[in-house]
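Heads up, there are several structures right after this.
Shared between the two complexes below is chain A, which pairs with chain B and chain C, respectively.
Up next is the complex of A and B:
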């Protein structure tokens, strides 16, 4: 068995696969680096797979918290792992858009699914999950409900500030001058999409474009991204665990090379 | 030069002497100039004027982690946080005049050349005005054509002549044209040896040790017109050749796995961290666009050639040159990758970075990565983000190498 762990800034994910690359266990915990999240995710994945730690031949950790996690055999960046995971799930993928809690990245893959080039957002929360969290808080709605809220939008609202702090006050003043919450929610999705589409156009979005990461669960963002980029975007099944799947695949590959 | 002393020791000694002498000269009533990093220093050297280079001084303060107080001072006085951090450090220093990391004398005049960027014009105009001192400007128009056009050469040459008159007026001394020829000769020769030494990095494994380049750069900036500078580069080249002959790589305890170039200025406040992470991944930084920036080579006694040389700096030339230059570097140094520093300070260098990266990638297929940072403002850099990008670069280089090997 092979274990992949992805420790992000706001969530921890673990995936266990067997030598036939079948997923036996998977788990997501909504706390990330510096918390008990990674332990809990790994524990839950073990329980789902119905195995214990000794059965693991090799493990790989990825994500923002990979440097400080010392229980894995190897660490690999989230860029390489997301690419691997996405290409495994959707072999025709040539572009991967991953929006996580504190960063957004666009990765170009070659025909073998290997990383050709990538861009990440500048150190700024614009275009990331954090931006959406801030917006959800102002709108007094859970992050999970932001998408359904935006479905009832009736009018286009533009959030022009890219800086999250500025955008926050911009939205507050829009709300206080009567803007509808639904419209603001949609505006927030569009703001993220604009930003990420901008990143993408720097290296070019070659089809098929695949989206991974927790924000891919938000239909509003995906729709806005399709509109911004003019491309069809395929959301991978279980987008949150794609990085961990990639890590598990590398664990399997490394172990096969070693033996 | 004593053969038992290494060029590195001489280098450090030279730089501290450079600053000490400038301070002493000022005390004894000599005139001191502040100048931009790629000025026609030949004119100043001929007049025997002590020069300090605020960009180098700001880099020193940055590396010794003393920049924030000066950055803040400039910002408190109304300069935007978006202004180049070299400018902010220097403007703050002109105000506070004292740093534990090293001091420079206040200038009697400014000698400015905009072949590196146009930020320097307003930065120094403001200082000259506040200090009520003269400013000499050599204006080198940006070259939209591939080569420096004839009219620019003429325009710049005439400014050299005009500057000579201004210098005579400021110092009350006559300009000695014979001495000028001599200085031109030494300067061009120093530049040739700088180029020769830095080109030795192309050997495999490279004799360069990571950030060596950034250290030796101080001398090509500050002492280009001096015999000692020339001697230093000759010695350095000799040492490097020795390492090549003995087959020595950059590190004693680990082999050179990947060879990269660094585009842009170093992150001085994070120099140790940024280089440690490269080393951890087996990445050796062997070159940048800097070797060529100071390869100011021309036939002595030819003012036109000198004008052309000063206008030919990488930063002052068009996109085709910029991308072509890096493509050539990738080939000459057998690079595996490129690290582009998207430097918050330097709009000029960032402006075309993505397009240069795209063109270079298209033409060479070499792996590359862009990271965000700043040359002297420690706050505009995230170590974790840098590390992830460098590691991802390493993984891309590894993948490409494995593919190459498996194809054989």
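Up next is the complex of A and C:
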């Protein structure tokens, strides 16, 4: 059995696969690096798979918190792992867009699913999950409901500040001058999509474009991204655990090479 | 510690503690020191005057005072240089030479008299059309003006012989450095990315004659060693400079070896020789005219991309790492042109935006590691 752990800035994921690459256990916890999240995710994945730790032949950790997690056999970056996971799930994928809690990446894959090139957002939170979290808080809705709120938008609103801090005050003043919450929610999705599309244009988006990461669960962002990029975007099943699946696949591959 | 370790650790110590090293060099040689802002200051003239040229390429100082003169969208090297000047850290220098290559440097030339009145400024303007006769003649005139200023500081006349001797010494230094950078791939563990950088950097704070002796000694000692097997990734690095420690550590951790560089702080300083004919100042001016592939020197033919491609091919490198100094206009304007050429040539490239003081290197570390994983 092989374990992949993905420790992000705002969530921890774990996946267990067998030698036939079948997923036996998976778990997501909404607390990330520096918390009990990773342990909890690993524990829950073990329970779902119905196995104990000794059964694991090899483990790989990925994500922002990978450097400080010392229980895995190897660490690999989230860029490599997301690419691997996405290519495994959708072999025709040539571009992977991964929007996580605090960063966004666009990864180009070659025909064998290997990373060919990648870009990552700069340090700020623009175009990431954090931006949406801040917007959801101002709109007084849960992050999970932001997408359905935006479905009822009637008018286009532009959030012109890319900086999350400035965008926050921009949105507050829009709301106080009567803008509808639904419209603002849609504006927030568009703002993220614009940033990520800009990032993607630096390396080009080749079809099929696949989206991974927690933000892929937000249909509003996916639709806005399709509009901005003019490309069809496929959301992979269980987008949050793709990094962990990639890590588990590397664990399997490394163990096979060693034996 | 063996002989190699001793030489390397002394050079690393020099590079890591510039002020201390410069003061020691001044004491050792009995010379006054002149600060040289980037890029291509006429160090040969300074040396010929019996003065010690010292490189001023920023540092790790926190920025507080410099905000008065340079906005936060100016490059970190220059914000730190102005900060260090304002804090009095350059007070032991007899003067600074600031060449006005970009808007930021021009702005510093304007502000220096007020911001750092205690440190004498010799401004310089390099010709845009450096290859035509008028450009060369203009540059020679600039050199003559600077020469006069330096003569006043040194209290002595600089003869043609002084200049020729100084040029010979600098040519020897440049040739030595070209040899040094060429052997890195044979000793990729001893001369890892960080050590290589610090060794090259030490030159800015030492008398070039003594520095060249040290590098030759180091190369002699290295030759006695068996070659080290290179089991990592070979890259050509380009940009203004490749710092901080965290950045260089990430390269070392991921076994990325700098088999060649095109950094303004490193090889761009020594890859072009002076011509053998002409007066001393003509020879210096033609070195600027002949130097290509640098974003700071206007190049109609845009040869930078081909230069990088050649460096990759000659050194069998796996890719190019771009260390883009944040807010550096000349380098940013140059980038899209060579990026396209590298893409057409099928050369993998890693783009890193860097600042001299980075609070968190986490993202950069992830990018470097991902690049290494991609190449493997």
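By definition in this document, the second predicted complex is superposed on the first by the 259 of 259 C-alpha atoms of A that agree within 3 Å, B and C clash if a C-alpha of one lies under 4 Å from a C-alpha of the other, contacts with A are read in each partner's own complex, and residues count from 1 in each chain.
To be clear about the criterion, a contact is a pair of C-beta atoms (placed from the backbone, for glycine too) under 8 Å apart; a residue touches a chain by one contact, two chains touch by 3 or more.
Only a predicted model underlies this, so the values are computations on that prediction, with no experimental measurement involved.
Upon superposition of the two complexes on chain A, a steric clash is found between chain B and chain C. In the overlay built on the shared chain, the residue A:165 is in contact with neither chain B nor chain C.
Once chain A of one complex is fitted onto chain A of the other, the partner contacts of A:118 extend to both chain B and chain C. Common to the chain B and chain C contact sets on chain A are residues 64, 67, 76-80, 103, 114-120, 122-123. Residue ranges of chain C in contact with chain A, taken from their complex: 348-349, 351, 353, 360, 362-363, 365-367, 369-370, 373-374.
Looking at the complex, you find that chain A touches chain C at residues 64, 67, 76-80, 103, 114-120, 122-123. On chain A, the positions that touch chain B within their shared complex are 64, 67, 76-80, 103, 114-120, 122-123, 202-203. Of all the residues in chain B, the ones that touch chain A in their complex are 342, 354, 358, 361, 367-370, 372, 382, 384-385, 387-389, 391-392, 395-396, 399, 403.
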